[in-house]
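Handing you this structure, nothing more for now.
First chain written, first letter: the chains are A, B, C, D and E, and each begins at residue 1.
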Amino acid sequence: MSALPNREEKITLDTFLRGLWEENPVFVMLLGLCPVLAVTNSTMNAIAMGLATTFVLVASSTLVSLLRRVIPKQVRIATYIIIIATFVTIVDYVIQAISLDLYNALGAFIQLIVANCVILGRAEAYASKQRVGASVVNALGMGAGFTVALLCLGTVRELLGAGTILGFQIFSANFEPWVVMILPPGGFFVLGAWLLLFEYLKQRKERKLLDSEGAIS
Amino acid sequence: MDPNSLTFIFLNAALINNFVLALFLGLCPFLGVSAKRETAWNMGLATMFVMLVSSVSAYAINWMLTELEIEFLRLICYIAVIASAVQLVEMTVKKFSPALFRALGIFLPLITTNCAILGLALFQTFREYDFLQSLAFSLGAGAGFTLALMLMAGLREKLELARVPSVSRGAAMSLMLAGLLSLAFMGFAGLGGSHA
Amino acid sequence: MKKVISVGQIMRNVVYALLPLCAWAVYQFGISALALILVTTLSCALTERFFCWMSGRPTTLSDFSVIITGLLLALTLPPGFPLWMGAVAGFIAVGLGKSLFGGIGYNVMNPALVGRAFVQAAFPVAITTWTPAFAPGRFVEFIPSTLALPFMSPVDTADWVKSHAVDGFTGATPLALQKFERITVDSSDLLFGMVAGSAGETAALLIFLCGAYLALRRMMDWRIPAAVFTGVVLVALPFHLYQPEAFPSPLFMLLSGGLMLGAMFMASDMVGSPLTARGVWLYGLLIGSLTVLIRLFGGLTEGVMYAILVANALTPLIDSITQPRVYGTGGGKEARS
Amino acid sequence: MSGVEQVQEPPRTPSFAMLRTLGGVAMMAGLLVVLVFQVTKPIIEENKRIAIEKAVFRVVPGAASRKDFVLGAEGLLPAAEAQAGGETIYAAYDAQGALLGVAMEAAATGYQDVIRILYGYNPACECVTGIKVLKMAETPGLGDKIAFDPEFLKNFEALDARLAPGRDGLLNEIVAVKHGNKTAPWQVDSISGATISSKAIARMINQSGQRMFPLIMRHLDRLRAGG
Amino acid sequence: MGFINLFRKHNTFSHGIHPLEHKESTAGLKIRRLPFAPRMVVPLLQHRGAPAVALVKPGQEVVRGEPIAEPGGFVSVPMHAPVTGRVKAVGELVPTAEGPKTPAIVIDTYEASTQQVLFDSPRDPARLTPEQLVEAVRETGMVGLGGAAFPSHVKLLPPKGKKIDLVVINGCECEPYLTCDHRVMLEQTGKMLAGIRMVMRALGAERAIIGVEDNKLDAVERIRAELPADLDIRCEAVETKYPQGAEKLLITSLTGREVPSGGIPADIGIAVYNVGTMAQLGDLVPRGRGLIERVVTVSGHGVRHPGNYLVPIGTPLRFLLEQVEADVGACEVVLGGPMMGMSTASLDVAITKGVSGVVVFEHREQDGLDRPVFPCIKCSACLDACPLHLNPSMLGQLAGVRDYARMEQEYHLNDCFECGSCSYVCPSNIPLTQYFRIAKAVNRETRETA
């Protein structure tokens, strides 16, 4: 985790991109894993969850940032939680209004967005100290990072587990799905495999860097 | 076995639909506090305890909200009431059993708002459990959480001594271990259902 | 002053003990079983080689442990299991079950069973599709599902089974028959492998003898199978006495399904089992009782694999509560004279 | 940072600021939620109604309208009038208003967890006319076929559920048999490889039917009349 | 839980191992004298405790049996000249089997040096008070000949408040190859019993038990035939099993009692002596002489004339091996028994008071040792072997990640007496005992620097 900015920050591309990669809440910080694993047995669910989370993230960051000068220290966490819970309740009803099927597929995990520490973490570590603009951009970045992670899992799991993406047949009709991928163990395995891949690439890069330095000196 | 019996609810929450390994609830503490058996045990106890408290409070709030017909405030109330209830109990414990407090203390504030606790409250509401069923559910969920945590901690301590390849050290390995545990727990599927 | 057995010797002997089982499987199920055994073993070996190469370690093929993994894996799969799925199982067994944690000695769960559990969850239909033993023409003709194209669904074997009309073959294992139809298969059929089931699990007597060879040569801890059997009997007997028609006898429990193979060759893998004698008893009793409970009250007909995996996961905890009592640290002995 | 400190400075006490903020935020939250709730409530209810209707019409083919009743201690009452709890049943009528069938829920433990279904019963032919799975956690590709496998669903298009002469239970127990072994119209032909899930469906219909069908027959007139 | 004793196998301890004995080639051979080497090397530290302090100067003449060094502290012993000759050097650094070099007195032997010991001051042990007896033992320079080389007089002065009521005499000789104690029991029975009598008197002990492994029943018979009537001394056969001779286990085998962890036999009122120690004391104290030679088993496939030799202390190993026509070219030489002994790199080390055997292995005999080391496969063979019921598997794994502190705190590292049983049985060929030695050394060092 890079040092948290204490001074108010200028909005740069980095404010957004940080959440997408360098501080990716799922792959790097390993936060909010429960929804990531629970709802990614299909791409559709992953997208819906990503959007819902991003919305709550952005909305609560905005409000927290707006109110940052009037919230006393002692009650700030309580306040944040109430704010977050409010937006989650809103999302919950909106999704029910949009599609009951989707709502049933996501189960309790919409409401559990409240417990997702990415959101509380952003509120506490960033939005409470930054201007609204920067907070929104940062929250969008984090939301995007979270959504990308959900998609990384959702597509792999749906593709292998059902042979489809977003319900469209990708492989030949005779493809034998790997059911385990949409079962709970599959969630762990796929996330584990992504982390392995990232670690492998990182180590390879470091080795190359070392090698090239060695060659120079 | 009757799906509404207390035993079945307990077993189901502990083994078949284990909170961590099958429902994906409480993963952050599961991955974060499972490096050592001792902390895992204390964390498990703390969680079980908080689950019990929140199950009781959720039952009470839900009853009240239903009476007042303001269910739409459920989520906000749950999270606020559970957090304060835990804080209250924490203060009581601190006063009457400092030893217990030392064991559980550091974990309590961390767990209060995590998704296993909230999930427990929400599930018992959705499934319309009565008071006793809610208790059995929370105890089962807590026991299952502790079991998963202890298993994980045991395995991780064992692997501390292994020559694990550099790539799989760390979070990736923990996830793979969780996957293997989850795979093993699939054997409990359908336990207690009558199939004759 | 070294004149004890080496790891390589132990592993080689286990391979020897497994060969009769493989031969029996081939005799029973024909070339499909042979092909399956070859494919899983090859897949395991190649995976081991690959991961050793990836992590820059010397190859460890020569210790033969990976051959055991391959053979045992094949023996636990249905004889008509598609070969490509067998290859997947082998890859997962060694990759996820062993190499990920550092290779031989460091795996936390039995690699062969990790592979099997994975394909059981991935391909639940294929792994519960049984074909008859002693089908005519089994030495010249593959079971059609065996040759499914990689990543493609296997063809339905129902017609093939019909065309080979083996007397009264129902496509159900003795355990499934017992559980769903309350038909108990004769013990003698179970002893000699005259039933449906995984390639290497059917002939209880042969498995017992091969395991006994290992136990006698002290390459395997006899306590583990003994404890598993005890656990089975302790749990199955009361139920059987209470309701003989509903709950099968302990003998049936011991001889049916993968219990014999699991107790003799898989629970006994020392890497995943506790260290002390007390720990091993606990571990074995746990496997035995869990197996019976899953069989009687679970959703699955067979529970040996899951029981062993769960017990493997419990091993570190069992170990921690069964440390040996060190000489001279109490236990009341000092007081005596 | 400085902003926070300013707020805490006297003359206003910190606890006043805390209360004010918490109260304010809570008010705002309440308002927002109520607002959204009010807006979405009709939509959601409509969604739910459509969902139930779709399900009822599916399990009672040919239905055009439905009425909800509660079958409980007080006997059969229209849902709106029922005070004490009971089991909700949905009576379905054709375009002319004639009773086509009754839909109700049933549940039992399947392979992984509890399976809940809605199924239709036709008092005229004394048979089950269709099922729809409402909730399950069966294995994808195996047990979950109970929801859509046409061959399996065909079992329930006219599943014999005649009452025994005493009118207090079924004449023939509804049971699942192994795939391909169906010989009687009250048997359910299992999905191969998912016997457990199939048996769960048969079992839940049997249990529910043993109890409910005699009651429905008793209140048939009321149901026919529609209230 | 007395009834459990009914099932306890009598006269043995639990666990332990059964290595091949290889005693047949020397067990029947009488003790023979070895000629003097032209140059003798007497290290000043041949025992546990403080080094001795030299009393002689270079160029000085010494007579066989004359004291040449005095004790350097309470836990220390004097040294005596093994030969008549001229001191060539004092304090010269010489190699040892353990590795680090140590100062020694080097003596050039006069060719005329006789086997006769001229340095005598006879006395009657029966007349000495216990205190005088202890002093007399100290003057002999006697250390434990069973291998540990702990100064014998120290064991005669038990810690305050501890009363010794039982003396256990260790005639197990559980190490493969070694037969020197066996020969001593057969050939010097009387001297040995005399030594036991002295020790019992010095300690005020009422009873003594001589424990002998049941592969030496001839020795048991011989001893039983000569047991004195006036003393409560018994001779018991115990199971032949390694490491039966470790004092803690021998005590358990003979009495069923356990020495507390971290304690010494004196804590339960017992003192343990080796049979060779007793025989030498029985010989030396009445004559007022010092310890200048001991019986050493020389054996192994690489030795042409294996046997038991009475070797002057300070004889260079190379000389000894020449005398028995050992083929040293392609061999590994172990001082002590093969299980506990040290494989020595240099042939210039001297035979010291603690060396009970010299075993010469041909390389092919060592086949197992160069097998590759595998990771621990948790086979639990080592747990079943460890006579102290430690968990060598876990200790080894912890050593692998250098968690030495945990080895000590949780897994009783300090109880391990490095018997080598675990390494012997390990199919993965893990040098467990070696790891434990290193771990203990590192822990000791960290404690000292802390």
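Just so it is clear, a contact is a pair of C-beta atoms (placed from the backbone, for glycine too) under 8 Å apart; a residue touches a chain by one contact, two chains touch by 3 or more.
This one's a predicted model, so the numbers in the text were calculated from it and none came from an experiment.
Chemist: How short can a chain-to-chain path be from chain A to chain E, counted in steps between touching chains?
Modeler: The least step count works out to 2.
Chemist: By that same contact rule, can you tell me which chains touch chain B and chain E alike?
Modeler: C
Chemist: What's the overlap between the neighbours of chain B and those of chain C?
Modeler: Intersection of chain B and chain C contact lists gives A, D, E.
Chemist: On a CA-centroid basis, which chain has its centre farthest from chain B's?
Modeler: So the chain farthest away from chain B turns out to be E.
Chemist: Compare the CA centroid of chain C with every other chain's and tell me the farthest one.
Modeler: Most distant chain from chain C: E.
Chemist: Measuring from the mean C-alpha position of chain A to the mean C-alpha position of chain D, what distance in angstrom results?
Modeler: 34
Chemist: Distance-wise, how many Å sit between the C-alpha centres of chain C and chain D, to the nearest whole number?
Modeler: A distance of 43 Å separates the two centres.
Chemist: Distance from the CA centroid of chain A to that of chain B, rounded to the nearest Å?
Modeler: 23
Chemist: Please tell me the distance, in whole Å, between the geometric centres of chain C and chain E computed from their C-alpha atoms.
Modeler: 51
Chemist: Could you pull out the residues of chain E that touch at least 2 other chains?
Modeler: Residue numbers touching two or more other chains: 375.
Chemist: What parts of chain A, by residue number, touch at least two of the other chains?
Modeler: 78, 82, 85-86, 89, 93, 179-180, 183, 185-186, 189
Chemist: Would you pick out the residues of chain C that each touch at least 2 other chains?
Modeler: Expected reply: 96, 102-103, 105-106, 118, 121, 124, 180, 299.
Chemist: Which of the chains touch, listed as pairs?
Modeler: A-B, A-C, A-D, B-C, B-D, B-E, C-D, C-E
Chemist: Residues of chain C touching chain E in their complex?
Modeler: 1-7, 9-10, 63, 102-106, 221, 270-273, 275-277, 280, 323-329, 331-334, 336-337
Chemist: Given the complex with chain C, which residues does chain B contribute to the contact?
Modeler: Chain B reaches chain C through residues 1, 37, 150-151, 154-155, 157-159, 162-168, 173, 176-177, 180-181, 183-193, 195-196.
Chemist: Per the contact definition, I'd like the list of chain A residues that touch chain B in the complex.
Modeler: 30-35, 37-38, 78, 81-82, 85-86, 88-89, 92-93, 108, 111-112, 114-117, 120, 180, 183-189, 191-193, 195-196, 199-200, 203
Chemist: Help me check something: in the complex, which residues belonging to chain A touch chain C?
Modeler: 171-172, 174-176, 178-181, 183, 185-186, 189
Chemist: Within their complex, state which residues of chain D touch chain C.
Modeler: Touch residues, chain D against chain C: 111-112, 139, 141-142, 178, 193, 195-196.
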